[in-house]
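Shared between the two complexes below is subunit A, which has subunit B as its partner in the first and subunit C in the second.
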Partner chain A sequence: MKRAFRRLGTKISDSWTNFINFFKVANVNVKASMGLMGLGQFMYRQVGRGIMYLGVEILGILFFAIYGFQWLIGLFTLGTVQGDPWTGKDGDNSVIFMLLGLMSLILLILFITLYISNIRDVSRTSKLVLKGEKPKNFREDLKDLLDKKFYKTVLFLPLLGTIVFSVLPIVFMILIAFTNYGDPIIPPVLVDWVGMENFVRIFSMGDIGPTFFKILGWNILWAIATTLLNYVLGLLLAILLNKKIVKGKFFWRLFPILAYAIPGFITLTAFKFMFAQGGPINNMITSNGGDPIPFLTKDGTWWARGIGLLINAWLTVPSVMLLATGILSNINNDLYEAAKIDGASSMRQFKDITLPFVVFATTPTLITSFIGNFNNFGVFYFLRSTITSDGYFVSNDTDLLINWLYRLSIDKQYYSIGAAISLIIFIITSSISLIIYVKSPAYKKEDTFR
Partner chain B sequence: MNDVLVHKGMNRKVKRVLGAVGIYCILLVVCAIFLFPCLWLILSSFSSTGSLYDVPGFFPESYSFDAFIKLFTDTSNYNYPKWLLNTLVIAVFNCIFSTMLIIGTAYVISYFQFKSRRGLMKSALVLSMFPSFMGMTVIYILMTQFNFVNNIWGLVLIYSCTAPLGYLVQKGFFDTIPQSIYEAAKIDGATNARIFTTITLPLAKPIIVYTALTSFAWPWSDFILPKLLLIEKDNWTVAVGLMQLGQNEFARFAAGSVFIAIPIVVLYFFLVKYMVNGMTSGAVKG
Partner chain C sequence: MKKIKFIFAFSLVSLLALTSCDPGDDPDVPPDPGTITDPSPDDSVFDKFNGELERNVTIKIVENDTAIKMGYLDELLDAFNEEYAEYGITAVDANQGEFADLPNSGPYGYGPDVIYQANDVLMGWVQDKHVTPLPTHLIEAYESDVIPTAAEEAYKAVANNVNYTFGVPLNIQAPLLYYRKDLLPSDWQTNWDDDNNGVPDMVENLVDLYEFSKMYHAEDSTKYGFEFSLNDFYFSSGYLFSYGAYLFGDNNRDDEDIGLHAGDAKLGVQVLRQFAAEMSAACIDDSAKLAISGAMASGKYFASVTTPDVRSVIVDTLATTYQSEKGLSAEEATQLADENVVGVPFPDLPANGDLINPSDEMIECKQMGGINGYAMSSYTKYPNASLAFINFATSYKMVKLREEILQIAPVRSDVAEESDELSQQLFEKISNGSIVLMPSIKAINQVWTPAGSFMGDVAADPNRGANAKYDTLDKIQAALEQLSQDIYDAIHLLD
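Up next, the complex of A and B:
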């Protein structure tokens, strides 16, 4: 930790001296651009670029003078005037304040980036001029956007979309985790920053803590059990279908693929009906004189958990099978030939050739499927989302963290607690995958296969 | 001596036959397990009584087309044709926009070696690790704040804007196009934009078809986002609508499901080869 800080310190001082050196050698035009964006470009007669940078500076300053600065302050205060619907008094809407503040923060970062790029740009031009070349004119710039810088043109829209609909919401959610936003504190009531209070509430033994730990325990158990079950079953099925003795492989594979192709919500709803109290299975039991089994009702904790496990297997085993089939076809046949000559039994061949290879090749997907299952929303949402168990805070004994998160934030509007829980989920899943991703050789050598 | 050998050979043969019989038995059971729920749904959709309770066992006692006829004619409560239309509109536009954005992103990340490339890839990885609807709750909050719920175009916008994050399979495809193809065009003085439209895109036809079909199929099966954002019955997608049908409307649910599942299943049978390729490339690349 200490070393990391020291390294950071030297890095900062390095870049500071670099900056000083840069400033010393910079010519008049570069310094001009430092003072007024675009000025240096004008001095090189790059009118187009100059106008654009100047325009950015003017618009930026105008924006921050009129709105942006206030909005940034709003991000910290989250509104000061309490509205009152009875008297019709308009108050501050904390959520809008937060959003606008966040937006102006992003614009500020963008502005600073453009400022730096303006200096970089003019200093690049000055180097070109020193070499005796001509600075690029505007038409050449535009041409570049279709050639050397074509990637910028293409990436513009995807980046914009991702920032608005992925980055912004996630940052917003992270911010909400540190506020008290949520029923009953919903605009027009003013929202406030509360620091770590939500996390303290989750980890302490009040109303939420016990539920959190119960759900977390079941969630981990579920993720391990269902991942292993699906993996083993899918692998066995693939190996079975890969045997030489099996004729008509295409025909046999059709059935798992059928299960794989049907939209999940259809199968899950169908299974819910199948195991319902008045569903066909219980119907058959009662008409034969038995008592209905509480498969998915409030009392059916372990029934429901087991059924969830089996249904998830029905849904995911086909994809594991397809994956393993693809991998099995990649095994070098010579290995088996050699093993046969050495007199190895088919059991031995399986143990020493097939299994290690398949396990090696599928480890990364095993991890991703573990994380997918950790956050498996669908299964228990369809089977039991209307049930609330005793001793659970807005959830039941089969809910996973992600289901709980949904019920807290959508059904009950406890946004800040929900946000804190999603942060905790992120920390759990990302630390698992980070370790794997960074250590996997496939990640390190991403470009060697090109 | 000879007898023993013959006996041994017989034994092995018997063993092999028994093994084969065992394997086929297991396969039959597996197929039955996968087929049974589908069969149940299909037969139930032709049930002449609508409710789940009316049937003593799994399969209906008499069959008719009632459920299908009701599905399309009795639209007062459950407007299935409207849901179909909504989903179709969302699917078509999502298919167009998502495919363009994903193919563009994948091509750029695969082909260009620019400075922030690694950083972008890492950020995409980190973003994909957040629980998928962590962002959705925020989008939901914002949409309610701005009164932008109940709008299928909002859904198209969100789907297409979040699509580029799933660029990895497509990037894997572009990685396999040898650079030498581009070199020749470059020597002839073609710009990157020209190379992209005249060389890369025609070569990428299979992956474009794959991307288009998967993004077309997605709105038919997604239920979380439309359920959050589409509140009025007439704006629902098929998935949201079918989820609302209770046990009394079981035959109608089955009919509606079968009607949309058949095209999707056919689609998947065509796509399965690509899917396996995508999955295995994911297995190697992590």
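Up next, the complex of A and C:
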């Protein structure tokens, strides 16, 4: 940590020295743009660019003078005046403050980026002029945006969309994890920053620490087991239906596709009904003289886990089968012919040709499948959301982290704890995915099957 | 890579800067009971109720789905709009569903102005100030003194040491025991009516219902005398309350005191456990609740527990059965079904909490219930028009009309006096505390899942044999204490 800070210090010091040196050698036009955005461009008669940079500076200063600065302060204070809806007294909404503060921060970063771009731009122009070339005019700039720099034009909107709809909510969620936002601290009550308190609570041995580790353990087991099960079953089904001896392939493929096409929540509701204590399966068992099986009750921990695995296989295997069918049709038959001539058995052919090819092609899918299963909310929410287990805090022994997160943040309104768990889930899933992907042949031998 | 490192370092520094800020003070300061006062008409929260009706405005009303479906809301809106036409006030259906999300719509200006809901829902919004205190001195129902104290209490909460009222009670919601009159044994008047009061004993006390259930099941092993989903704590909590349990202390206001293990609550659990042995496995989860209409129509269940709004579904299903089995016309079948599906308050319980060796002394079975009523959004721009609507909708005339159309038990004593016997029984139970009202504090949300899960576990216990978890009173007591603790922990996680 100390070393990281030392490096950071060195980096800042180097940057400052570079800036001083740059300032010393910069000509008057560059220095003009440092003082007022666009001025250097005007001095080079680049009116279009000059107006744009100047416009950015004016708008930026106006925005930060009127709103932005206040919003930034709000990000740190999260409001100072508590409103009272009963008397109609307007107050600060901490959550809105956080959101606006975050937007302001993003706009500030954007403003600084444009400021630096303004200096770089005029510096580049000054170098062109030094070489005796003519500075580009506005029309040439526009032409570039539709030609050489077309990628910038095309990527602008997606980048903006990503920032607004993806980056902003993620950073917002991360920030929530460091506050006390949650029942009873919900606006109009003012929210505060609490540092690492929520993480300490999760990892401590108090109310929720033990539950977290129990759920995490089951969550990892579930994600691995269900991903492998679905993958193996889907692959086997695809191989089976790919065999020439199978008659009526279309007919047999139709059934899994039907299961896949039916909305998941309908399937889950149907399975819940089937395995309910008074459901058809238990009715059949009792009418034949047996005792009802606690499939989904408090006692049915492993029954419910097993049922969850099977239901998820029911829902997911068809998509794996379809994927594998497509991949299998791409394998060069010459490989099998050659293997047969060399005397390789069917098993050997599967192990050395089919499996590596399919695994190679589906590793990224396997990773997304793993993440999807790690965060598989639906299965156990539908099956056992009305149950809590002994020794589990506001959860049960089949809940995954995502289910627990839902119970804490939506049912119980403990948003900050929920956000902290989300952050932990994000760290776990992204780390595992990254490691698996980097270690996989799909990454290491990218060109193998090209 | 250097850029990534820099961004990471910058983020870390920013995060540390943010996290180094001080947390605020705890705003949750419990009121000192000695200093609590009634609100004064001059209280600043009532300033907005200045008596001047806002003109040419539209107020949005949330009503329950049944009232909309049965046409009551249209009648109410038409009558109100006609009455206030000269002011240009128009009340309309908010079209936000009966479970309107006021906390997430109100602050942003698109929530309803007036909401009809159960007391636990409405009062759950008080802590965050989403519903506003009402000036009872300006509300006819309160001024006429026709609201029972218990119902009024359901809408009171203390804020800033003042005991405000946040709603106007309208009708009583409580689960009832429903049974099939035509499935009573033919000799019930001679053998099942010891007190000769014309009411079958098996729907008057649980001991006889237990005996009858055994007999009913013995005659046909696919049928059950009494069956309901024990995991629904709204249905099963009354058995615990009857023996001394309570949800929250201080008349259900103190969430620091969880009392599901209080008194002899364990006897209530024992009663349910004993009865669960005579029920099917469907009593463990929602199966019995979901199957109720079909099971009662087919005679699989002689009696069950549900809320009054489900009765019409049972009647409809039974009518269909009658049509096919007895060849009756639709009208005849519906009339017969309506006569044969009878609702009664929960049967009495043995004082010793033992159905197998019951005591002679019986105690009244309490049941959880709710008081539905109107409340006003704190974010309404038209408080005076909204208050006029609440006054209008809770007037004698409209409550009477509501009772006639929706067949519900009214809270207003002047309407209740003229109601049917069941409504009067419920009114009496509300007044004497036999219906335990759902707590009017937000913490109730933390009760349903763990308590329901526990009751489901109790229902499963008779099938566990030697591994039974609740076969002694000591074990039940320990489990109830743990349940209370779990609920406490869930409520006070962030304290």
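Quick note on the criterion: the second predicted complex is superposed on the first by the 364 of 450 C-alpha atoms of A that agree within 3 Å, B and C clash if a C-alpha of one lies under 4 Å from a C-alpha of the other, contacts with A are read in each partner's own complex, and residues count from 1 in each chain.
Just so it is clear, a contact is a pair of C-beta atoms (placed from the backbone, for glycine too) under 8 Å apart; a residue touches a chain by one contact, two chains touch by 3 or more.
What you see is a predicted model; the values in this text were computed from it and never measured.
In the superposition on chain A, no contact is made by A:Leu110 with either subunit B or subunit C.
Set side by side, subunit B and subunit C differ in how many residues of subunit A they touch, and the one touching more is B.
In the superposed model, A:Ile66 makes contact with neither subunit B nor subunit C. In the superposed pair of complexes, A:Met196 makes contact with subunit C only, with no contact to subunit B. In the overlay built on the shared chain, the residue A:Gly278 is in contact with subunit B and with subunit C. Legend: residue contacts after superposition of the two complexes on their common chain; A:Val232 is shown touching neither subunit B nor subunit C. Applying the stated contact rule after C-alpha superposition, one finds that A:Ile402 touches subunit B and leaves subunit C untouched.
Applying the stated touch rule to the two superposed structures, the overlap between the subunit B and subunit C interfaces on subunit A comprises residues 93, 187, 276, 278-279, 287. Interface residues of subunit A facing subunit B in the complex, by the touch rule stated above, are 93, 95-96, 99, 143, 146-148, 150-151, 153-155, 157-158, 160-162, 164-170, 172-173, 176, 187, 237, 240-241, 243, 245-246, 252, 254-267, 269-271, 273-274, 276, 278-280, 283-284, 287, 314, 318-319, 322-323, 325-327, 330, 361-362, 364-365, 368, 371, 375, 377, 402, 405-406, 409-410, 415, 418-419, 422, 425-426, 429-430, 433, 436-437, 440, 442-443, 446, 449-450. Listing the residues of subunit A that touch subunit C in their complex gives 4, 7-8, 11, 75-76, 84-88, 93, 175, 178, 180, 182-190, 192-197, 207-208, 276-279, 282, 286-287, 291-292, 294, 296-299, 386-390, 393-394, 396, 407, 411-412, 414, 416-417.
Subunit B meets subunit A in the complex at residues 16, 19-20, 23-24, 26-27, 30-31, 33-35, 37-38, 40-41, 52-53, 55-58, 101, 104-105, 107-108, 111-112, 114, 124-127, 129-142, 145, 157-158, 160-162, 164-165, 175, 179, 191-194, 196, 220-221, 223-224, 228, 239, 242-243, 247, 250, 253-254, 257, 260-261, 264-265, 267-269, 272, 275-277, 279-280, 282-286.
Contact residues of subunit C toward subunit A in the complex are 2, 5-6, 9, 13, 15, 18-24, 27-28, 44-45, 47-48, 103, 106-107, 127-130, 132-133, 222, 231, 280-288, 291, 378-379, 442, 445-446, 449-450, 452-453, 456-457, 460, 463-464, 482, 486, 489-490, 493-494.
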